Every structure is written in C-alpha cells, then in structure tokens.
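Read through the structures below before going on.
Consider the two complexes below, in which chain A is the common component and chain B and chain C are the respective partners.
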Partner chain A sequence: MGKFLVRRLVNYLVLIFLATSFAYLLAASTLNPRVNYEQLQPKPSQESIEMRLDALNLNDKTPLAQRYGTWLAGVAQADLGRTVEDKSVNEAVARKAGVTLRLIVLGTIIGCTTGVAIGAYSAVRQYKAFDKSATAAAFFVLAIPTVVIAVALQVLAAWFNRATGTQFLQYGGEYTANLDAGFWGMLLDRMQHGLLPTATLAIALFAAFSRYQRNMMLDVLNADFVRTAMAKGLTRRRALIKHALRTALIPTVTYFTFTFGILLAGTTFTEKIYGWKGMGAWVVDSIVRNDVHAVAAVSLFMAVCVMAASFLSDILYAWLDPRVRVS
Partner chain B sequence: MTSTDTRTGTQTPVRENRGENTPVLEVSDLFVTFPGAAKAPDVQAVRGVGYELRSGEVLGIVGESGSGKSVSSLATMGLLPPHAEISGSVRLHGEELLGLGDQAMARKRGKAISMVFQDPLSGLTPVYTVGDQIAETVQVHNQALSKGDAAKRAVELLELVGIPNAAQRYRAFPHEFSGGMRQRVMIAIAIANDPDVIICDEPTTALDVTIQAQVLEVLKTAQRETGAAIVMITHDLGVVAGFVDRVLVMYAGRAVEVGDVDDVYYRTRMPYTMGLLGAVPRLDLEERTPLVPIKGNPPSLTALPPGCPYAPRCPLVKDACTESEPALYQVGASTHAAACIRAGEIEENAWTAADIYPLPELPEDAEAAVPRAEREVVLEVNDLIKHHPLMKGAVFKRRVGTVYAVDGITFDIRERETLGLVGESGCGKSSTLMEILSLQAPQRGTVVVLGKQAGGMNARQRFAVRRDLQVVFQDPMSSLDPRMPVFEIIAEPLRTHGHSAPSVRSRVNELLTVVGLEPAHAARYPQEFSGGQRQRIGIARALALDPKLLVLDEPVSALDVSIQAGVINLLEQLKVELGLSYLFVAHDLSVIRHIADRVAVMYLGKIVEIGDVESIYATPAHPYTQALLSAIPVPDPEKERARTHILLEGDLPSPANPPSGCSFRTRCPKFTILDPAEQEACLTTEPGLEPVAGDDQAAACHYAEARVVV
Partner chain C sequence: MSLSAEHAASDGDKGTEAGPGEPRVSGRWSAVFREMLATRRVVVGIGLILLLMAAAWIGPLISPWEFTERDFASFREPPSPEHWFGTDNTGKDVFVLTMVGLQKSIVIGLLAALLTTAVAAVVGAFAGYFMGITDKALMWITDLMLVLPSFLILAILYPVLRGQGWLVFVLLLAAFAWMVTAKMVRGMTISLKEREYVHAARYMGVSDTKIIFRHILPNMSSLLIVDATINVSGAIIAETALSYFGFGIQPPDVSLGSLIATGAGQALAYPWMFVFCTGLLIVLVLSANLIGDGLRDALDPQAKSRRR
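And now, the complex of A and B:
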C-alpha cells in the first residue's frame, strides 16, 4: 500500500512539473510585459526598459528556452521569480494561498457533506417529495454558472440587509479592515464575510455531489448485503447508513477528484466578485498586468491543489475500499 | 379470495400430531401482492400459503422460479420492500409478526429467526471484514457484550462452520473468500444468536456440487448445534430428498402439495409434483427414458385465470378444474394434502408421472449400432493448451505468472455421438470450447474440425467450416439480440451464407417448427418469449445451416426443471433426426448422464477421466469423478438417506498456481490414506490418462480404482 502511494506521488510530481511548465511557456509567449513599461508616462529610455526586463527575466528578446531555463533554475531553489512590479512572487503566494485555501477547504467540506447526505437521503426516498425537490434544486443549480450564483447571492444579501436594517451579511473583502473587537469579534466578522463566498462554492458542489451520490446509493439500496444486514437484526435505517452508504461512498471519492478542477475555476470568480485577495483573483489581475511569473505561480498552486486532492482521494479510496488495499 | 390453509376434505385444518410441542413458526393464509406501478396490474406473488414448523423440524419448500417461495419467506422475515401488501398471519412462538414495526422486527431478525440467502458473493458487505460482520450480528442483539467478547464468539462461529485458521481469517475481507467459504460465513451469521428458525433460501444453488455437499454438511452441523427448525427453499429435488422431513410444493403463489418427504416423493398426488419429479434427469437410473416434459409455461401472476392455475399445463385437466381453484385436501396419510380435485383418482389408479404425462417418442437411431471405431471423426482435439499470461503494471506491463486454463487435453468426437464435458466452475471447460470455436491455431496441440486443421485454414475455408460447426450458448436471455425479431435472428446465418430470400423464409419457418415454436411468432422479439422458448430460438439459429457438430455451452442450466426437460428431449430428438454430433458442456452430471454417450471429466485444465457414460457413472475410477458423482443428491429420499457422500476438502486451487505432480492431490481423499512412499508419485509425477477396466474408460490417477458411488 505504501509503495502504491509513493508511486502515485511520483506520478503527481511529474504532472505538476508538466502543468506548470506549460503554463509558464504559454504565459511567457503570449503576455507582453514590455507594454507595461512602454506605456509609462514619461516613457523610460529603451536601455532602461531592456535592463529592467532583463533583470526580471521577462525580456522577449531573450530566447524563450533561455528564459524558461532561468525561471526553472529559480523554481528549483524555491524562488518563483519577481512580479512585473519587481516584488517577490513567493511573498505574494504566501499571503494569498491561505485566503484561497480557507475558501476551498470550507466550501468543499460543506458542499460535499451536504451533497452526500442529501443525495443519499433522496435515494432512500426515491420519487417522494423530498427526492423530487432535491432533484429540482440540484438541476436548477447545475444549470447556472458559479458567477451567476455569486452575484445572485450578493443581490439577495443586499436585500436581506435592507429588509432587516442590519449589515449582517458582508460581501466585500475577507474581513473589515482595522477592526478591533478581540478574538471572538474578529472571528464573527470573518464568518460574516465568509458566509456568502463559501456558500457560493458549496452550493455548486452540493448540486453535483447530491446527484452523483443519489445514483450510487440507488445502486446499493437493494443490494443483497443490505438485506443480509437487516436479516442480522439491524433496523433498515442502520443497515442503510452502516452498510449501504458506506459502500456507496467509495465511487464518490473518485468523483471528488474530477470536480476539484471545476471548483478551482469557481473559486476564481468567487474571489473576484467578493473582493477576496486570493490566488484566483490574483491570476485574473496578473493576466491583465502581463505578469508572467505570477500566472506561472498561480498555475503551480492550482496544479498542486488538484494533485493534492487526487492524492487525498487515493488515500480515502484505499481506506474505504479494502479490495484496493490488497492488490 | 379462497381460503387456502392446510385443509382436510371436511374443511378443518390438518393438525399434525408430532409430539406435544407447539409449532415454532406458524404461517397461515399468507398473501403478498406487489401493486403495479402506474397502470401495470398488481402481481399476486403469494396467494394463501400456510405451514407449521415444529422445533428441530426441516421443511422443504419446492417450486420453480416465480412460484412465490422466496417472497413468502422474505415476508416472514419482514424483509420485503415497504410497498408490498402483506396479509394473513405469521406467528413465531405464538406471537404475531406481521404488522410489527421495523424496530420490533429487527429485534426478532437474526435472534429468533434468521436467514441464509442464495448468492453468497453479493450477500456480504464488501468493505467490512467477515469477522466484524459476524461480530456485528452478535452485538446488535446483545449490546452489553464487549467488542472483544463479540469477536471471540465470531471466531468460535467461524470454527464451527469449518473455516480453517479462524482467528486469522477473522480479519479477511469477503473478496478474499471463495463462494463456498462466504456461504459458510453467511451460515455463521445466521446461527450466531442460536435462532429457533433458520430460513435457507436456495443456499447452495450458486455453488458447485462438491462445495454444495460441504455447505449442506455445515447446515446439518448448524442445526445440530442450535436445534433450530429449518425452512429449506430450493428448486433442487435432490437436495430436498436428503435434507428435509416435510415438503411443501408451491406453484403460482400457492401450496399445491404438502406432506412428509416420502409421501410426496413416492405417493405423489398432484400432477404438477409428478411432472416435476419426472422431469429431473436422474443420476442413479441407467435406462434412458425420455424426461417428462411439462407443456407450456408457469402462468403470469398478474392475470390468473379462474380455476386451478396448473390446469392449462395439466394432462389430467377436465372441465371442473377450470371452474374454481381447489383447496388442499387430505390425501392418504393425515399429514399429506394435495390441491387437486383428481387426487383421489390418482390414488385409486396408482398413477405415476409416466402414466399421466404423454412421453414423447424418441426416434431410434438406426446407425447407433455402428461401432464407434467405424464412425467418422468430426472433432479431434489433441494436447490442446490455452495459457493466459498474468500481467501486472499499468504502463510497463510485465508477466508475473500464467493461468493454465486448458493444459493439454485430448479427446475426439465421432459422428452421431455426444461427448459431455463436465467439471466445476473454473476447470477450463468453457475455455476449451472457445479455443475450438475460434478455429485459430492453438498455443500447442491440434484441433481438427471435420478433417480441417484449425489454424491451417484461410478465411474462406474457415467460413465454410463454421457452417458445419455451430454453437448454443448458456444464457438465452443475453445471447439473443433484443432488438432483432426472431425471424431476423434465425435468418442471419442463412443470409450470411448466401441463401436466397425465398429459401430463407421457408427455411426459417421450417426451423421454428422443428424446435417446437409457432412459425406465426417469427415477427416477435426475444423478450416476448420465456427462457425455454428463447433457448429453442438459439437452437434453431444454430441449426439453420445444417451443421454436423453442435457445441452446447451449458444450454439448460439457466432453465427451470420442467422447461429443461423439454429442451433436453428436443436436443435428443434432433440429434437422431439430423444426425448431429454434440459437444455438450455442463456442470450438471445428471443431465450429462441423460444425454451423453461419452463423458470427459475436467479438473484444473486437464481431463482426469474419460470414457463411455455407462462405465464412468457405474464404476468411476478417478477419485475426483467419484467425489463429484457422490456429491450430487439423488431425488429419491430412501436412496439419498442411505448414501454417504465423499466430502472433498477445501476449494479448487487457483489455475495460476496448480499443485505439483497430480493437480488433484491437495483435495484427494485417496491421497490422504496412501503411505508416504506411495504419495511420492502423486507429489512428483503428473499422471497420464491410462485405460482402466472397461473397454472405453481411462483415468489420470496413479492409483485408479473403480468404485461404485451412486
């Protein structure tokens, strides 16, 4: 089992390297940082622009392969390079990664668990009122892009705040700047800010997971082993939770890997719309600013996240399914 | 609705006086209806079943698929889906179970009344260890018990059902166990809390015969240990004969005959039971008479006609039969009852199945007299092997072993001859078939079909040989294209081989008549036919091109007994009329005895014994053949009770890792009684097929010795 995981880990490292390299090459060949300097008022001299670009390893007159080599050598020493404004990319990543991770982790946990719970219960109540309304809700959400969900939630929150005459639901930034309210006050403030963006991600995940879990659950609902469990003396409810749901969770874990990429895309919009200064918002800004190294760094971060999710689901899969463990 | 409790002629329930003890389980007037969804009609799966079960008694419930035997026991256990409508009464120790809530019922299930299901492969939760699943049963009824004590009890139970190294095997997952071992685990779960009643729903149907014998032995042990009463649901009349005290025969959701096993088998009073008993091919009877075919199919449970549900298929039907449904009336012994208005007549005239059922006349084969040696060889297989490489790795595949699926087998089939190829699952009989049908050069050895060597032919010649070599598959449900009408299915081989359109039409009609179907039904689709009819369509398709050699891969194993008899009779008749040769693959040795002229017994990719049917069944010489024949229960209660079965230890070894020397030595009962010097040969040398006593019998055993086992 350990050998299996190590092998998977090596695979993932290769994939991360490839994904990041492609992202760098794409960014370096399409983005044009030179424009940033040429548009400055007053326009700097040609030599200083060249010098500046050379110093940042962004000069399009240097062959792409050479720039890539320099960048790669830096990355090998854990240096992701400098931004177009000549600031450390590493520092920016350190600051922004946490913001995105908080959002993703919370959104994923809430979205997956409610999705799995509602999906499983829908299967048990197939074609009953609960199932029908859960199905309708899931398809409604699946038909809407995350952007629209985010904006719609903002509108609803604004209406709610107006109606109640409070500022309970916050939808700008991650926290109130310069707030001094002690630990609990700060926590409450962060939760007020975090509620809507987390909900945006969770709602989209819930829709996908509830459908998938419902189907998986329906497959095992009439399985012989559930009947065996009941014949042993378990109540239907216990047999369904302990034997049916436990088995039906296995394929869902694999599904998690597939949805994770979509989730990251959703995070980009959510951060942008709710004014969170995370990796998602940063990549959008970086493309506008022709910031090659920032784009490459975000791609690296995304690749690491996706692979971490895959690795996690490998471990979960092996933990849930003994049949994989042995071989 | 007619009341259908066990009743005498005077409409008082038959009270069976077997000691003073009151019944443990009393089922009366049980009705189960599945309401049809949307506009579909309701399905009346069980229509008034009643029986009593006393402590320590074994009741057999017999019937074909769809007769309601499983549904009635699931209703007893409270395991039917909530939408099923159940009425009547199920009393356990006098306490009514129907109408109890899930909570209350859960306290009974697994404690006072437990169940063993048919398919052990899917019956255990794949993600928990077998030990934990047994311990869960113990703990759920005894919350005070600590985890450690429950585990200890689980190990005891595993030992009781004969799992070696129980303490280690406790931590095994179900997929690491073979089918037979999983069924042992299911039995351990069923007896974990010393239940008063164990319901066994076809507990051995999914298992091979040698494993079936082991599991039946475990069930007997379980009964001895718990003293529980057992309800044994099965379609196998042999299992019933040896195992049960009383029998209840079900047809179309009702009990049609009930009584002591000897009464029901020897003094049968209901034509359906008579038909069933006559339809089973017998392992123990030498003379070959046609099987009793029951015409037609079981009725649909959605729209039952008035009167006796068996009337449309009954040879004794008269007008009164279609007027009202007969109740169970006492016939003969006080405990024997049958639901037939002519039961009295049957008793007076002492009719047997052969008297009332019109037996088909099997044509005499005039050419059977020609000695075998003088007949043409249609198939010759010489030292055939089929080895599958075992690969590992996703990107860089490497060979880590070999599965010896077929490992050097030799046989031939002459004109107008049937060779039965028998063996348990995984012995390589299907692989042999596929190798022959592929007409490709084998990995080693030769296959010669009708004088043409496989592998040495070009595409044209292969095409021509396929005309003479046709196949009938096992599962008639999946081997016919559901989107093609029957006419197209049968016409396809004809068109492929360039028959003209008018000749195709007349040939298809002719074929349908030959296999006993209506040419008028040619426009229908396969799903409109029953299993037996579909297998007839499969046979018609195989016969379309007038083949000389027909390869049959378990052609009747998916069919019910009464239907199977008709198909076997048809195959026998066709063989004589059309001068066919059959290669008949089956796991059921009774069917082989009935239909085959010669038989080859396979074990782990090798033929261990081959010869003419009479010699092999009368005096098998290889210990495996002896065990195989001995393991099959005979549908004759007295005979079956008198027999001792040779029990084989353990399971079939993996064909990827066969034992050295003789591949059967790991399970061989003979090997264990040899002295070490004699064992040496078994351990080191692979025995070849050597002729034994008879003129046409050879066994691959160093110490072959003919022995009577049936």
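And now, the complex of A and C:
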C-alpha cells in the first residue's frame, strides 16, 4: 500500500508542475500588464515602462519561453515572483492561503459529513417522509448556483438583522476591523463572520453528496454481504453502518476528488461575495489587474489543493477497500 | 443494457433485414418512451422546459417594449402593468431583458451540453477501446485537465474571450467540462468491448473507428443521454458563475448570469431586478435536473424505482 501511495504522490507532483506551468503560460500570454502602466495619469515614459516591466519579468517583448524560464527558476527557489504593484507574491500567498484553507476545510467537513449521513439515512428510509423531504431539498439546492446561494444568504441575513434589530449575522469581511474584545470576543466575532460563508459552501456540498450517497447506498442495501452480516448476528444498524455504508462510501470518495475543483470554484465565489481576502477573491482581482504572477501563484495553490484532496481520497480509498491494500 | 445491445446489433444491418413498409416492432426506444412518460419527474421537467422556452421566445414578441429600448420616464420602477417585471438602472424593461437572457442561457446550456458529451464520448471510447498507449495518453490529459478548476482556466482566458462573442464562450465551456464523463465512458467501453457482437464485428473486419461509432457508443446511449441532460444544468450554472464575475457573456449580449450579476448588488433595494432572473434560472436548472434524474431511472433496467 505504501508503494501505491508513493507512486500516486509522484504522479501528482508531475501533474501539479504541468498544470501550474500551463496556467502560467496561459496567463502570461493572455494578460497584458503593459496596459496598467500605459493607462497611468500622467503616462510614464516608454523607457520607464519597459524598465519596470523588465524588472518584474512581465515584459511582453521578452520571448515567452525566456519569461517562463525566469519565473520557473524563481519558483524552484521558492520565490513566486512579484505582483504588478511590485509586492512579494510569497507574502500575499502566506497571508491569503490560510483564509481560504480555513473556509474550505470547515465547509468540506460540515458539508460532506452531513451530506453523506443524510444521503445514507434517506436510502435506508427510501420513499418515506424523511427521504422525500431530503430529496426535494437536495434537488432544490442543486438547481441554485453557489453564487446565488451566497447572495441569497446575504439578503436573508440583512433581512434577519433588520427584523431583529441586531447585527448578529455578519456578511462583509472576515472580522470586524479594530475590534478589541479579548480572545473570546475576537473568536466570537470571527465565528459570526464565518457562519454564512461556511454555510454557503456546506449547503452546496450537502446537496450533491446526499444525492450521490443515497444512490450508492441503495445499490448495496440489498447486497448479499449485508444480509450475511445480519445473519451472523449483527444488528441491522451495525450491519448497515459497518458493511453497507462502508462499501457505499468507496465511490463517494472518488466522487469527492472530482467535485473538489467545483468546490474550489465555489470558494472563490463565496470569498468574493463575502469580501474575504483569500486566494479565490485574489485571483478574480488579479485577472482584472493583469497580474500574471499572482494568477500563477493561485493556480499553483489550487493545483496543490486538488492534488491534496486526491491524495486524501487515495488514502481513504485504501482504508475503505481492503483489496487495494492487499494487491 | 443487454436489451439495447440486441437492438443495436439488429439495427446495424437493418438495411437488408427490414423491408420497406414493414411495421416496426415495438423496441427498446418505444419502451423507454413509455417508461419516460410514466416517470412523473421527466414529464414535469419537460413541461417546465417547454414552458420556459415558449416564454423566452414568445415573451419579447408580445411585450410592448424592445430589447434595446429605454424608458427614460422610469428608472428602477417596480413591476407595473406597463413594465411587467419593472425597469432597471437605465430604464430598460426587465421582462424583455430577462426573456432574452433566458433564451441565451437555454441555448448555451443545450449547445455546451451536447458538445461536452460528444467530446467525452469520443475520448472515453477511444481510450477504453484501444487501451495501451492511447489510453495512457488520453487519460493522462484528462487527469491533467482535472487538476485546475475549469472556472480558473476560463477566467484566465477571459481577455481573449472578450471580443469573441458567445459562441466561442460555449466552445470553451464545453472544452473544459468533459473530463469526468470521459472517465465514465472509458469504464463502460472496457466492459462493452468484450461483448460478442463487438468481437463478431471485429472478426468480420469492421474497422475500429466504425466499431466504436456503430457498436460501442450506441450501446451506452442511456448513459450519454442522461449525462447530456445533467450537463445542461452544469453548463448553465457554470455560465452564471462566470458571467457573475464579468468573465462570461459580454454586453450587449445578456444571459441570466449577467442579469443576476447586475441585480445581486441591489437585491435588497430593488428586488425585481434580482428575483425574476434568479427564479427563472432555478426553475430552468431544476427542470433539467428532473429530466436527467428521471431518465436515469427510465433508461436503467436495474432502476430502484422498479423493484418496489
């Protein structure tokens, strides 16, 4: 099994390298930082623009291959370059990655576990009231883009705050600026701010996973091994959890890998709409600002996240399916 | 699956067997059709989509306002008998805007889904059929494309896209959405190509490409149809998200996504600019999902709903 994971890991590293290179080349050829300087008032002299672009390795007159080489040499030394405003990309990544990771990890854990639990339980109670209402809810949520969920929650929160006359639900930014309320006060403040963005992600994930898990669970519910498990004396609940759910989780783990990219896109929208200064919001702003190195850095971050999720699901897969471990 | 297999096998040399005018025996597709009509979800979904299509194309015709027309007497007016959905910031009639946006969203969804499924079918079937180096190369490309979220790539491509019109946008939307389906198709191809009729065709000297298009792909039409339906909603949702950030449909074109983008900021003050387009989008995606989910049951001989 160790060998299996190592082989996957090497494969993932190659994929990360290629995907990030691809994103850099794409960004370097479509985004045009020169415009940023030419639009300045007063317009800087031609030489100073060239010098500035050369210093940042953003000059479109330098051949793309050469720019790529310079960028790659920097990345090899853990330097992701400078932004168009001549700030360190590394520092920005260090500041922003945590914001995004917190959102993703919390949202994923809450969304996936509730989705899987509700989906599995719906399958057991097929065509009962619980299943019907869960299915209806999932269908409804699946029809709403994450963007709309985020905006709708914001509108509801504003309405709620107005109705109750409080500021309980916060929907702008990550924390209240210049708040001095001690550790617990700060924590509470952050939780208030984090509630809606996390809920946005979790709701979208819950819908997808509950549908998928329900279908997978239905497939194994009447399988022989579940009957055998009950025949050998396990209670129905134990048989369902230990044998049926465990087997039904295997395809869901694969599904998780595929949906992780969509989840990252969802995080981008959520950050942007709730005004969180994370990687997702940064990439949207960077594309508008023609910031090639920032876009490449976010691509690297997302590629690493996707691969980490794949690796995690490989481990889960190996843990759930004994056949992988043996072979 | 076996039913459809026999059907396709007999379909292959229909030219010699079925004489002209011979009544067609009730086959797989009419059975599926009946099953489909018996599935309430599918009927409701198709009904809703037809209704939306009718509204989208007939609505602007019966409205007294033109798409480009501005009513300078009323900006941001709430719905009234004159402006059914109210007016927006520039005095445009929201009803006409929404219907034109709905048209575009429907067309984008259908086109992108069709393209996505076609690419996925070809890539998956070739990889699964030939295996070996073809499979390695194709699956490796698929994996590579799954590494970066398609949203990111499409957003980076936006400066190129800006001047190109919406058809290019549809092409790109499809170009970055086929990977997961292709993996499923590959899996099915691997099991299908061991079937007797494929062996028979191969020993008769039918070329590989012909086997793929005549015998393998038709036999997973259920999967492909269901997947195309699901891809419709996927494409519409992707379009909405991209347009929301200004990376998608560019003015003067409008889609439900770009309308939601303008309406979202003013959702509290002027709800009619947000509620109608969002509501229609949800109904549209919901009906596509209902059809897809219902079809999956209708086309799957092992569907759970039939074991009741």
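Keep in mind that, in the parts below, the second predicted complex is superposed on the first by the 327 of 327 C-alpha atoms of A that agree within 3 Å, B and C clash if a C-alpha of one lies under 4 Å from a C-alpha of the other, contacts with A are read in each partner's own complex, and residues count from 1 in each chain.
Methods note: a contact is a pair of C-beta atoms (placed from the backbone, for glycine too) under 8 Å apart; a residue touches a chain by one contact, two chains touch by 3 or more.
The structure presented is a predicted model; accordingly, all values stated were derived computationally and were not measured.
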TODO: Could you check whether chain B and chain C clash or fit when both are placed on chain A?
DONE: fit
TODO: For A:I250, select first, second, both or neither according to whether it touches chain B, chain C, the two together, or no partner.
DONE: first
Task: Touched partner set for A:T235, first chain B, second chain C, both or neither - done: first
Open item on the list: Per the contact definition in the header, classify A:F225: touching chain B only (first), chain C only (second), both, or neither.
Closed with: first
Open item on the list: Per the contact definition in the header, classify A:G98: touching chain B only (first), chain C only (second), both, or neither.
Closed with: neither
Task: Touched chain A residues, chain B compared with chain C - done: C
Open item on the list: With both complexes overlaid on chain A, does A:G69 touch chain B (first), chain C (second), both or neither?
Closed with: neither
TODO: Answer with first, second, both or neither: which of chain B and chain C does A:P322 touch in the superposed model?
DONE: first
Open item on the list: Can you report the least C-alpha distance between chain B and chain C in the superposed arrangement, rounded to whole Å?
Closed with: 5
TODO: Go through chain A and flag every residue that touches chain B in one model and chain C in the other.
DONE: none
Task: Residue ranges of chain A in contact with chain C within the complex - done: 15-16, 18-19, 22-23, 26-27, 30-32, 126-127, 139-140, 142-148, 151-152, 154-155, 158-159, 218, 258, 261-262, 264-265, 268-269, 272, 283-284, 287-288, 295, 298-299, 302-303, 306-307
Open item on the list: Considering only the defined contacts, which chain B positions touch chain A in the complex?
Closed with: 77, 79, 81, 102-103, 106-111, 114-115, 117, 119, 122-129, 136-137, 140-141, 173, 175-176, 186, 189-190, 192-193
Open item on the list: Which stretch or stretches of chain A touch chain B in the complex?
Closed with: 222-225, 227-237, 243, 246-247, 250, 320-323, 326
Task: Of chain C, residues touching chain A in the complex - done: 143-144, 146-153, 155-160, 180, 233, 237, 240-241, 244-247, 260, 264, 267-268, 274, 278, 281-283, 285-286, 289-290, 293, 304, 308
